[in-house]
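Sharing a structure, written as structure tokens. Questions coming.
The letters A, B, C and D name the chains in turn, as written, and every chain counts its residues from 1.
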Amino acid sequence: MSKAMDVTVTVNGEVYQKTIEPRLLLSDFIRHELNLSGTHVGCEQGVCGACTILFDGMPVRSCLMLAVQADGHEIRTVEDLGTMENLHPLQEAFQETHALQCGFCTSGFLMSILPVLEETTDLSEEDLKRALEGNLCRCTGYQHIRDAVQLAAEKMSSGGES
Amino acid sequence: MRIEGEHVFSGSREDVWAMVRDPEVLAKLLPGTTKLNQLSESEYEGEINLRIGPILGSFSGRIFVEDEVPPESCTLKAEGEGRAGFFKGSGTVHLTEQDDGTLMVYEGDIQIGGKLASIGQRLIDMTSKTMIRQGMKGLDAALEERKAEAAD
Amino acid sequence: MKPAPFEYIAPTTVEEALGHLTEHGYDAKVLAGGQSLIPMMNFRLAQPAVLVDLNKLAELSFIRSDKDGELRIGAMTRHYQVEHDDLVAEHAPLIHEAMPKIATPQIRSRGTFGGSIAHADPAAELTAICVALDGRFRCLSERGERWVPAKEFFLGMFTSALEPDEILVEIAIPPRAPRTGWALEEAVRRAIDFALVGVSAVVTLDAQDRCERARLVFLSVGDGPVETVKATEMLVGKEITPDLIRAAAEAVTAELDPSADIHASVKYRLHLARVLARRALEKAFARAAAPGTQAA
Amino acid sequence: MMAKLIGKRITRNEDPRLLTGQALFVDDVELPGMLHAAFLRSEYAHARLKGIDLSAALERPGVVAAFTAEDMGDDWSPGPPLVIPPPTIEDVEFYTRTQVPLVKDKVRHAGEPLAIVIAESRYIAEDALDDIVVDLEPLDVVTNIERALDPDSPLVHDDLESNIAAHLVQEKGDYAAIREGADKVIKRRIVIERGAAGAMENRGIVASWDIKQQQLTVWDTTQSPIPIRNGLASMFGLSEYQVRVIAPFVGGAFGPKIMMFYPEEVLLTWSTLKMGSPIKWIEDRRENFYATTQERGQVHEVELALTSDGRILGLRDDFLHDTGAYDPYGLTIPLNTQCHVLGPYEIPNFSSDLKVVFTNKTLTTPVRGAGRPQGVYVIERMLDIAARELGIDRVEIRKRNYLPNDVFPYDNVIIDQAFESFIIDSGDYLPAMEKALEMISYEKFTQEEQPKLREEGRRVGIGVVSFIETTGVGPYEGARVTIESSGKISVATGVGTQGQGHFTSFAQIVAERLGVDVRDVHLVTGDTAQFHWGTGTFASRGAVVAANAVNAAALIVRGKVLELASEALETPEEELEIEDGVVRVAKIPTRYISLGDLAQRSNPLRGAVEPGTEPGLEGTAYFGPKYGATAFGTHAMIVEVDPETMIVEIKRYIIVEDCGTILNPLIVEGQLHGGVALGIGNSFYEKLVFDDNGQLLNASFADYLIPTAAEIPTIEIAHQVTPSPLNPLGSKGVGEAGAIPVPALFAQAVENALDVEGLEILESPLSPQRLFELFHGEEKDA
């Protein structure tokens, strides 16, 4: 049995100190050690995208990282985007265009689209493709999600807070 | 999955045949074999560690030699299982004397099951080709060695 | 699908990392981006006893071009950085064009340039591209350092020339000769999938618009990148015409021995190889002839 | 005036919770002392179990328990059948063989569970699986449903003489008689391969037995919590009131999560009852490909008899249906296929010999479409072939055979999935076709654009198909609506929700009936403690059966409100209005009373109940349709095929859908987009590939290709509304409509694009590889 290790991780602005086994996947660490269950797990192979989070600002598959690798790094999950009373413009856009149905893949989409929108709200076809190509959804057929990204870009370019 | 090919060995048919039926050499023929012993005239039992990059599959299994017509042809059946899955294969080997040595023609079918089959689909076909290529090289080397011993 | 236990080591210097690899040999596996290794560990197909994590070795993450215009990329440089780097776009436009075709943006955030090469997956674009560009790989161990040419580095399925105690630290791509054109053509089922067949083409025209050099290197057609040498030899020294390109493309199958899988048969792969070879050569020669593709 | 909310594009109540990660899914349930389970599954598809040794696994630190079939003793038994064969069809040959909690004698499909390990973490439980020593004697395997009927085929069930699971014949009119007189008889063989549902959330269960409270609580990713509660209660000798089954937020289902009882549902419950601690099992993706049910596999031998001007005289469709290792779901899927072969067409004579066949593969239960796509594929392909052979335009031949809109309700005589004769309640097919032709500009494309593009060597094609969808089957659903003293409205119903937006569409009905804002209606689904009676979410029935129950319950409460308010405001009911949470005298708006005050009035501390009355403003109602409501539509598509690589690109996709009264157009659009996306997967990307050993060769999302955003085109939708006469709302289901016609449409459009003499596409799904073989006229390769 590999010996446990101490890690210090900043998640959504809060510093957590935990003692964990090196083989613990980052997805399980976020969901079960930190109880942030908005991040979901669909395949543990890096294909479906439901586990996507921001790692030092970059969208990554948390199921393809070990929690020990997050020591000293900064993570953002869907819980940091907005609250039920005060949604982020991207979340508002998702509700307005009906861009989610079962909602299982949604956090992965939000954390994959956010960095693209924070880079530019003047979306080219290439930007839109980059924002959506890495996540699978079985309910929506993607069309309303495309609408949500365009709507969010408009919201965020007309001075919406980031 | 179909396996077929041929290989010319520099050695007489009898030498090649003896080689194939000798467990030590057979062990060399299958790279990664860690144990191979003969249980009876036509049955071997052994263990093999299959290394494909980061993937390590250790298998234990049996090889059966059937309808033997030495030194011309025989049917080889093999089956084995391990954590990464199981394999089941059968094939025929034909040796024909040629002026430049012995031509071995082999053809058969390997079926892989379990984890390796369901995820490593791309691996298996390529891996079996690499293994056979290495196996043939192993047999060539063993033949050279045997010829060298006989010579001096 | 949780990984089996392992001993985890995260060295902070290259020397420290090499020490651990020498000590553990075959029992140790290097963890770079993890985008290929960790799925295999989650499936428990790979169960390394020791994992040596290189992610703290900041010194292995860089993109430079040295004095004679050779592009140098650190092995731990993330695909994302290579994809958005101006030096790469200028020196090696073939790499620049290939990066967005590698997996997905999220995989490219963590996947590393050296990791993809050392993993030696025959379906990985970078393996074929580095051979087509005559790349060289700097391999380091406690025993010393050696440069291995790309075409001698890939030995088989997931098997490279790296010894168990060695790590790949740097990739060098020679400067682009003037009037050089490039192309990467792939047939994929879904945009994010490994290619059924892919081919990278690098061609150079001489002053008289005759072909000085032409290389076609295929991916997903064998247990490593495959260069069809004879097929492109027929182009050297000649003026390029559509018929000549078609002849070269038809000739590639003589040097290819692809296997079948559930997505494509041998016959279909050979057909795709011919089609993609023709398209790649057409695009590459068009780029070579275009004004402005001078040396960097 | 009642604010019109039914039919409005209202955004969803449940979205803020899902968007901010505050929605509970089964894997989010954390209980103190909770243990984690993993299953050892057979890698062989057919093998005799000689023995299992758990000793080493039990010694591993962190392992708490491990069980095999033997350890279950008398508690071990095959599951009860979920759906029995219809008693209304004479001489049905049916052999019920249902799945087992753990293998006892023989493994019948790869992935069948051999043992369960329960440990402190899932990681340790998986480590312990490798410690278990299993002695399995591999047997010969049968995976092909045609070879499964060979006399010498291996038998999936040793106690049967053959691999026949069921055999029946359905007849309408007299096909044999009209066949001789027909001008044209077309005969073809059609093969449809297996696909998976591929919900993004795998299955999961948390089972917790609280011995002190004598309460069993089970969180389950099921589509039907109430039947699960009833089954578990009877299986383990508990009262239904001791068992609470909760389907919290479920990450997509698409059919397989209706199946019951999965081995894991029985075993987790049995284990927690035995051990007293809560246990969680979350299926991983590889397990999902083996342990969660699949569907679509069928082989058809079809004959279509027509007049020379393309009128259908009769249809004969003999087919085999692959049920995998067991058949808990009766005949639902093949009966749907038979009904949908008839489609929107007038087919006076029909004969269908159906054989359901056991194979050594994962068992088959409905996946979105549930046998309907196969039926539509058969009839639409045969019509395309008939059009070509008779020299009639393919749109024209469909128009000539539509049922006219004055024949409804139309009795198709044969028996459907609800055990009744298949009656189409309503329909109006021609205008839907005309609208689709107009939207895709069929004339302009076929006459002008396509010829021009073909001259440039481009392979572009167009497809147009029609279909029906049987929806809204019984038996029933119920609902309870309550106005609380705070004025809040709470609603509960027994169906489960997996993304269909019930929390909004049902709330719209209640909000309209009780004059409140949709956001103030708090709705609970999928919790057996909240509503005791019901069936579940499947077969596109939510908007029909549950919605009408909700509507009926809301109207009861409206009646009580008006009666009580009429007294309080001393004004006749007709002069009252309910709006903005108050009951107002229409002529004197300043005289009003709030719903909350009325609720308190209805439950005073003294003298509340007169004989024959009940306290509170609450209504409970049930709705059971006489028979299913039949939706319908026409889809059209333009594709381009790269003639060299055989990669297909969809240029345009058109839907004209008629699902009766629409509750929420935004939600209906989402259902149609998602359905078409799954249909596109079924047409060109998704095929479960089994080898002759019953090994699934693509048990991962890397090789089982669920389409991404790049593969799904923009979908243009037009609605037509033919209300169903069978329910007060006039609604029909739409959940599966998107998926049903796509494979048939894709085959027609691609065949039209390739435009090769004699090339006929008679299989699904297609792939670049298969198009390459068809285009070059070669036989199927490995």
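Note that in this section a contact is a pair of C-beta atoms (placed from the backbone, for glycine too) under 8 Å apart; a residue touches a chain by one contact, two chains touch by 3 or more.
Please read these numbers as outputs of a predicted model, since none were measured by experiment.
Remark: the per-chain Cα centre closest to the mean position of all protein Cα atoms belongs to D. Pairwise, the chains sharing the most contacting C-beta pairs are A-D. Distance from the chain A centre to the chain C centre is 30 Å, each centre being the mean of its Cα atoms. Centre to centre, using the average C-alpha position, chain B and chain D are separated by 49 Å.
The geometric centre of chain C is 44 Å away from that of chain D, both derived from CA atoms. Within chain C, residues 1-5, 43-44, 191-192, 194, 260, 262 each touch two or more of the remaining chains. Looking at chain D, one finds that residues 123, 130, 284-286, 697-698, 700, 702-703, 708, 710, 782 touch two or more other chains.
In chain B, 83, 115, 119, 121 are the positions where the chain touches two or more neighbouring chains simultaneously.
Under the contact rule stated at the top, the pairs of chains that touch are A-C, A-D, B-C, B-D, C-D. By the touch rule above, chain D contacts chain C in their complex via residues 122-123, 126-127, 130, 284-286, 644-645, 647, 685, 689, 697-698, 702-703, 705, 707-708, 710-711, 767-769, 772-773, 778, 781-782.
For chain A in complex with chain C, the residues that touch the partner chain are 1-2, 5, 21-23, 25, 28, 44-47, 49, 52, 55, 58-61, 63-66, 68-69, 112, 129-130, 133-134. Only residues 11-12, 14-25, 27-28, 30, 61, 123, 197-202, 249-252, 254, 284-285, 498-501, 666-667, 669-670, 672-678, 700-702, 706, 708-710, 712, 714-715, 738 of chain D touch chain A when the two sit together in their complex. Here chain C touches chain A in the complex through residues 1-8, 10, 31, 34-35, 38-39, 42-43, 51, 53, 55, 80, 100, 104-107, 109-110, 191-192, going by the rule given at the top.
The touching residues of chain D, when paired with chain B in their complex, are 43-44, 110, 130, 138, 286, 289, 691-693, 695-700, 702-703, 782.
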